[in-house]
Amino acid sequence: MVRSILPLRIDAAEVRRGGARLIGPIDLTLGKTDVTIVLGPNGSGKTSLLRLMHGLERAAKGRVDWSIPEADARARRAFVFQTPTMMRRSVTDSIAYALTVSGTKRSHARDRAREMARKIGLAHALDRSARVLSGGEKQKLAVARALIREPEVLFLDEPCANLDGRATREIETILADAKARRTRIVMSTHDLGQARRLADDVVFMLNGCVHETGVAESFFSTPETPEARAFLNGQIVE
Amino acid sequence: MNEIVEGLLAAAGLIVSLDPELVDITFRSLQVTITAVVIAAAIGLPLGAWLAVMRFRARRLVIAVLNALMGLPPVVVGLIVYVLLSRSGPFGVFGLLFTPTAMIIAQVIIVTPLIASIAHQAIRDLWAEYHDLLISLNTSKRQRVATLLWDARRALLTACLAGFGRGIGEVGAIMIVGGNIDHATRVLTTAIALETGKGNFALALGLGFVLIALAIAVNLVIHSLSRTERSGIW
Amino acid sequence: MMSRAFLVLAFALSASVAMADTIRMAVTTSFENSGLADVLLPEIQEELGIEVQLLVVGTGQALRLGEAGDVDAVLVHSRPAEEAFVAAGHATHWREIMYNDFVLIGPSDDPADLASADTAAEALDRIAAAGAPFVSRGDDSGTHQKELALWASADVDPESLGAAYNSVGSGMGAALNTASGLNAYILSDRATWLTFGNRGELALLFSGDPALFNPYSILPVNPERHAHVNFEAVVALEDWLAGPRAADLINSYTVEGETLFVHSAVPR
């Protein structure tokens, strides 16, 4: 049995850019919950928090510690961006790329990539350039590229922000399937409906800090802070 | 004006009759410049990618030097290579002066900064796009460079073709290090210089048109082989 | 991997050039432009089995190539420079092979009236007096040195001619192209003039003064200085050039009906 990379402990961490503080200080522990949703208004620091956790941002102050050394933990996380980067490659090769760079043989990687592409509904586009796909297809490809390495933790930064209802439902189906196969999901969204559908735990961000955390059920029914209550009521929170 | 028509006729005559001397110097032009471009690409493309991906103290300086070297006068390169390869120079023992190898060496020096500089610009833009993805996939620096080189291959092909253009039309350096020896180091451009010196403008222009046709043909062949400008967006 | 393969290829290329019995000889543009090489080289290849590769450069650069050991022999036409070259030990000796002559070219309406001059010095004097434009090679070649010597014998400092004196610093053909464009006077070797294709308004106006004779000598590069030179082959070439077969070919060589060279070597 491989040792879990969780829990993740964030201790008084700050992300700075050009001297200005983007987020922090953050204190947060991420346990083995199935789906954690990061909620909050635009500019509250959801993206920066996810990037900090995945190691795309360095903590200027404080610490970010996984339960095993970062060098080993890094390979067992994956990240899906709000605007997915499409490589100048076919759909199959784009997904296979995530495997070949971690040492899988190319032919085997392509077989598995095709299988994955079919499973998520890209069977019709295997040899098409990734850059000519529709917005929904691109995001499905990005999720497939992240999942094919079978990460223990999958981060998604507003993956459905630019998608219509149907594409959003397809992404959610894929995520439900991943959850069923024990992938822990950490996802930011500003779509309350989506948060209600998916969340087991909630992290509520405001002004670059974690404002409230809790189990989804109680957060949505009885939030502790007035700001969270206002946010859930659809009011503008600053 | 009249001489241009005569030049076109001379070019047509040379090509139709497959003039053996023309075939000889055309083949040598291609041999020298294509070999030089392949070597320059093997150096310049990874160098351009490396400069785009790496962050180190002297990076700006290296890029500035590279851009400046693009404008290096071939005649200066020729002179430097001549001094180095001369029998009384440091590499004289190899006896490379006045051989196609010497011409290739000079052209590699002329073409490499051009290819590296264009490659750097293309890859820098692609790197800005790929940065987060490649970092998030936990790639090594080597893998990043390899990925960028492969995915930017069309722009890099253009860089190589620009290098080919500069090499095939170059006369200053190869005249000095090759010596324009008949049947040994004479190429299209040095033959043009020679015929101009003799006042044979029609023949010189004819060779010039052959050179232009050759450059266009090489570009077309490369593009059709690589299917650029044909399929959709990649 | 790839670059290594090409290095191997490059060395293979260089090796194939050095294999055959080959002589590299630096010659002046005037010799190459005469077309005589096209007659002599195939004969040399056939009779001696030696491939002569010509590097066509100015006299100054030819001597420089010999000094550096980059050629096996030098064939030039500038006696003072040749003597200095031998004295400095760069060549074992010089040996005169043949001579041709220089001619004065100018606008066909001849404003300086060169046609009625008796000597080359007088002809140059007339150009200076008429203030007519003159093109000089200005490249330290044998022709340029000859031109300067002629100005000196005419007691004219070419620098005093001002804007009329155009020093172009290039080869014979390029200088003739300039003279044709400017419709100017110029000193040329006869061979280059006869084969020159862009004459425009220019015509041959003065020739025949012995002061215009132009002897060509071969200088074998000193093997004690440069062990790699093909000295034996150069000696064979020199003897052949001085011999009767070369004399026949050189004396009977004509361009547009005119004899260009007179064989003047003495067999050993």
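In order of appearance the chains are A, B and C, and numbering begins at 1 in each one.
As a convention for this text, a residue touches a chain if its C-beta (ideal position, glycine included) is under 8 Å from a C-beta of that chain, and two chains touch if they have at least 3 such contacts.
Computed from a prediction, not measured in an experiment: that's the story for all the values here.
Enquirer: Applying the touch definition from the top, give me the chains sitting in contact with each of subunit B and subunit C.
Expert: Per touch definition, common to subunit B and subunit C: zero chains.
Enquirer: With chain centres defined as mean CA positions, report which chain is farthest from subunit C.
Expert: A
Enquirer: Please state which pair of chains has more C-beta contact pairs than any other pair.
Expert: B-C
Enquirer: Where the CA atoms of subunit B average out and where those of subunit C average out, how many Å apart are those spots?
Expert: 33
Enquirer: Measuring centre to centre with CA averages, how many angstrom lie between subunit A and subunit C?
Expert: It comes to 80 Å between the two C-alpha centres.
Enquirer: If you average the CA atoms of subunit A and of subunit B, how far apart do the two points sit, in angstrom?
Expert: Roughly 47 Å separates the two chain centres.
Enquirer: Mind pulling up the subunit B residues that touch subunit A in the complex?
Expert: The touching residues are 129-130, 132-133, 135-140, 143, 147, 151-152, 232-234.
Enquirer: Would you pull the subunit B residues touching subunit C in the complex into a rising list?
Expert: Touching subunit C from subunit B are residues 35, 38-39, 42-43, 86-89, 92, 94-101, 104, 179-182, 184, 194, 196-202.
Enquirer: What does subunit A use to touch subunit B in their complex?
Expert: Listed in rising order, the residues of subunit A that touch subunit B are 54, 56, 74-75, 78-79, 81, 85, 87-89, 97-98, 101-102, 129, 131-132.
Enquirer: Considering only the defined contacts, which subunit C positions touch subunit B in the complex?
Expert: 2-3, 6-7, 9-11, 13-14, 17-18, 24, 29, 33, 53-57, 67-70, 171-174, 176-177, 180, 192, 195-199, 226, 228
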